[in-house]
């Protein structure tokens, strides 16, 4: 098992490399140039050229990529061209913020999604089911930033229950952190909750109609034990798959939602870096995000093996 | 060459001969391979129905699929009227495929749900290098041949019953006028009365068209009813080959005896000798078969030699072939009566 | 045998399903009883309502899309009158059930020992440890070698026969009065089938369990059961002792069913095959004898509704039963 | 009551805490609490006022002498003296990354005369230098800190200002704490200021409404009315140097032709623009400077007021009787894009079809000013402390912002007059001439004079708005 | 019938998908007939900003005094077109890749899937932003980017389907009577494998509408001054203080469009997959028509 896991981890390396290469090419192919930004408002063409040279941007793309890569594998993601901040530090500063957001959103998505999914599967084709289906369809149909706007105007500005903007680290002050986390988590997590509810409903209906559930009923188990212990365990593999996909979606979606809530996470970092053509920041952030997604997928894979003894 | 058929009208020699066939599968994950079929040899004469019986996992389907060139052949030869089927490739293989056709167990899975019955039966015809001029007429006659009528031609498979679907499968297999028809558990999924209808159909087709049939089933009753000769498979090897009559009345292999004893018979208790099951346990894993005689772990006559030495399939007096060291010594019971 | 109260008494069971095409009756007027230690066979072709009958008795039919009427008394309690909650309590305790596919019928994600122990704890207040011990004990009883270590196996690690033994162990662990076995051996090899049927016979005898054995295989019934109930199109058409049915069937369907099976000594002879029904729809059922469209002995009188005629030790749903001399499983000496 | 903390909402995060490295005009608001400038300006007139330099005189036309304030130390204890000033100015001129090199281009050398006196030798007379020192070039950083941190100075700023740098979470917030040794008596009043930076304008407004900030700088016109409606909240509006206007590409047809530019000038309805863009808050103008400013000539009439018919006629005269296709570009940002769309629509009405690309500011600026691949960009001019800086930037053919290096007849004379005259009234007259020439030749097309709006809760006192439009929050106090 | 029953019937009956289909049809007609129904040019700044609802401006005006109804109608055009382009590209790229990978297997499969995995490992919107940066702004470019971003999941889905279909009995049967590979692919594998892809593509139409909104929100994919739902929502979002109601017309338009595509996808799935459809239909029928009403000559699963 351990050997197999290590082998699978090693197989991820080419994916990561390819990912880093794709991003590197993409951002460098994009028009624009960080030297323009650096040169300031009224710079001459010569000045810009000089900066380009000093940044090494005049070399071939492959050469630049290999240089970047040789540093990156040693853990050195370089410095921001624009702010001179170490990119590792910038990611270290913003990533926890975004991850806390993603975590909050996941909690919302899983808790609401699983409850709704189970409820509608148990009452398939009843009014409850219909109501849940409608609400979750609506949840999945709303752009998360719009939901964010609406939530802020109701719960922060209107009712004044929760803060409208900002971020507090859970480690620093859990209570305030949670208050700040609620609205963005709901805005981000709603789509995930809807998705989980929808998919879980389908999976559970199938499982609840399966032979082994019939056996459990024939054994005289209580319905709640059947649903929450056996059926849900059976749904674990698809459920974990959906959750894994949600992580990737959420990492992206924070880009938009962070702006609405004035949170300086990794999404904001990457968007402003992209605007400034701060190549190495974009590269660093996207590679880290890709790495997270790849690791999450790996974890999902591993959890299949844990949750289903048939997969070895 | 002493063929089993004495009739001089037929060309000499068997239609199909399978010689020392091995079929291997790579097991996913582990680096091991699984010998699903391990050195099986038999012949099917022209116009003969050859039955193959054995428990689940004994390699019956693998033999059939190897003959159809659908399973990987690791070793051995498959010769159809002088052509080495196992060595054909590409276009050549496609040309020869029509000579052997198959009826699969799962009648609905082997029909494309999107094709009408007409399209399904016509498909093999279209695939030929020179499609027959009157394909439409041929399809109509085929559907009637299998006991359905032309109104069924424009139906989709899901509107047909299991028996009807199996009839369509048979019609499609016959479309290319094959020399050999392979039926892998073709009636096992059907109700007895439906099964009876299909068996009758196969019998009449075989008699009228004179084609040879490889008939695979796990139901000894059905095989014995239908086949001229029967091969009994156990864990990838043939345990015994004999005429249906000899096999049931006088089995020569302990495994055959056990199968006969386990066969539930719909007879009143007054007409049936109650016998305890002669066999315990289940078929060992094909990935890790016992040494020597593969049946020895479940055999009630087992001796030391069985573990050490693999018994070859050899002729015994009475005309059959048996793979048992002690076939001559053992006195085995046939069908309970 | 009749002195004792039967373990299971089913009276006038009716099952219908709500489908796209409206309400379809799958089981009609089914009554039978099974005594302690008795094995009763329920046979019939696919779709004849065997499983529907079994599931109705167990209360396992989908609540939304099915309707069940009639009564099924187990130890004096009518199963069909219980609330879902009460039903859950008696299921597994007073009645057990085993199914055709031992692979899909076991939860693939739980160890078999735990699945059995869970059943124990659902009905008895015992410790986890005691339940686990009981699981090992019953696994040994159904013939699983090395039960203690095998109880930690997952279903996929067992062979088909072993799984079916586990299913039986699970159904019998609370020593129910009634066991319903719905095609328990159909998916198994004949050699294993013989073992499982032997096991069922032994357990029924030793524990006095009343068994309803559902199968489409007359051979299995012949070897295992004392009585047989032949179902056709949702109705019981003939009910009698097994030997009587095989020797001298009185309903044309029973006879036809017997004739379909290949038999020794008739090599290559055409088999009897029940003719196809004329009307193609299964739902347009004749108001008279349901077998009429396929019956070789149909007469005008068969178009009238057919009651189940009680002939003492036998019941037949055929008005012409005494006019016909139907062939059985063995050549009969003409009377 | 002195003390307390305020939270300030800003939409422009600082690009650097090293004043001469930063690239954005918005940096100033974050830098003011940390740094004093050599020269201050009068908030009303933008006339120079004493800062770290208590006096400034042109001892010769090309020598500016500064007298420095006594008793000032940097926050790290380094004394503030003439050596420090020389250090700062030399650094601003020589540091490769310096963005004020051009502004200080006139400086030849800096001499320490005495600890309290510095002499700045110029290449040529430069009236703008004094007020240049009122901006980022005049912000004094501690030489010891620069020594200590080197390239990383930007992360560890030390000035002489009223507040010490505490921390900065990039793009999110900056915290500064009271400088107890500040040279100005009893100042500052606040203990602490937190700047919160918002990328999204509505988010900033929401934070203010939710009282997560106490005041918000640079409130956009759209939010003025809604914020005014919030009780406890004041919106302070003040005319500023920020002027909306359009730049032309003189290097190619059609705008190498002055008549075509005049046609564009006539095509734009400034009042309509103000109504849509700023909900009527901005004041239509045809000069680069706002009304009431000393360099503005109140008597100058616009020769090309809005007149669609005339615009069409001018277009025809310029050789485009059947209308005109031009390539426009706009900076990213709500207001910029809206402005561009309004002008696009107004131009359409006279037969000028403008395509519109939108990109980030540096890229768009390079495309327009350096590569000259577009015909027109409508943006704004944020103003400079000294009007000469503005005039040179917009009208001098050598300026970056003069795409194509266009020189209007007589403009060179007017410009040098404006920058070299010592007498303010003479300078004012020279600027009048510059403006008149600009109106006539439509070099930079002024459209609206924007007020600067600050929203502030009523319990915060001491807000001093200014013409420059960059608010210093250091000396506020709260109840 | 209980109140719950009525609600359930309304929501779960085919009416839901019928409603969705009618809604989409209506939107499509509005979009096509935009010049006829809009009353104003979508770019004309012919009123004060935020006039509110009036007879002249049914949905009021936006921040530039443009008629919101006109922009909504023209925006539907852009958004629908954008969705179809994105999904078309996703299907156009994904299906062939999945088909080749699944059918050829071996190293071809390994290489293609590694590439697909790579693209799947980027958060979608980030990748879309990067691609849009390369292609340049503008709605069409953005939707090409979205299409590229969507294509790997289509490829994966298709591959999985092909792998399953390849093992089906009818494919084996086709091999056994000598059909060439191209025939098997075209005639058996594609038609039988494509169904989930079609369903997924329907859901993707909704996702594409959402993606358009998100990209517009970060300022990409906008073609000034022409409207799309995303552009409208973005600009309305900039003025929530002044005109809080402004986000509703485009926001609801997006939500309804997505809802409609999802409902369509759901019902498509129900119709196409027998397992859920019968269940759902039985439940419904049970409530609506208790009396048996056998259909004549219904196909039977039994015979002989």
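Chains here go by letter, A, B, C, D and E, matching the order in which they are written, and residues are numbered from 1 within each.
Just so we're on the same page, a residue touches a chain if its C-beta (ideal position, glycine included) is under 8 Å from a C-beta of that chain, and two chains touch if they have at least 3 such contacts.
Not measured: the values here are computed from a predicted model.
Shared contact partners of subunit D and subunit E, listed by label, are A.
Fewest steps needed to get from subunit C to subunit D, stepping only to touching chains, is 2. In terms of the distance between Cα centroids, subunit B is separated most widely from D. In this assembly, the C-alpha centroid of subunit B lies 92 Å from the C-alpha centroid of subunit D.
Each chain gets a centre from the mean of its Cα atoms; for subunit B and subunit E, those two points are 50 Å apart.
Subunit A and subunit B have Cα centroids separated by 55 Å.
Work out the mean CA point of subunit A and of subunit C, and you get 53 Å between them.
Among the residues of subunit B, those touching two or more other chains are numbered 191, 193-194, 197. Residues of subunit D in contact with at least two other chains: 202, 209, 332, 359. Looking at subunit A, one finds that residues 31-32, 124-126, 149, 259 touch two or more other chains.
Only residues 201-202, 205, 209, 222-223, 225-227, 272, 275-276, 279, 330, 332, 334, 337-338, 340-342, 344-345, 356-359 of subunit D touch subunit E when the two sit together in their complex. By the touch criterion stated above, subunit C contacts subunit A in their complex at residues 58, 60, 64, 84, 88-93, 96-97, 99, 101, 104-110, 118-119, 122-123, 154, 156, 167, 170-171. Partner subunit A is touched in their complex by these residues of subunit D: 15-16, 23, 97, 99, 102, 151-152, 154-155, 169-172, 196-200, 202-204, 206-207, 209-210, 212, 332, 359-360, 362-363, 365-366, 369-370, 393, 399-401. Within the complex, the subunit B residues that touch subunit C are 55-56, 191-197, 199-200, 203-204, 218, 220-222, 224-226, 244-245, 248, 258-259, 261-272, 276-277, 279-280, 282-283, 335, 337.
Remark: subunit A residues 31-33, 36-38, 40-45, 48, 82-85, 90, 93, 149, 152, 156-157, 160, 163-167, 259-264, 268-269, 272, 275-277 touch subunit D in the complex.
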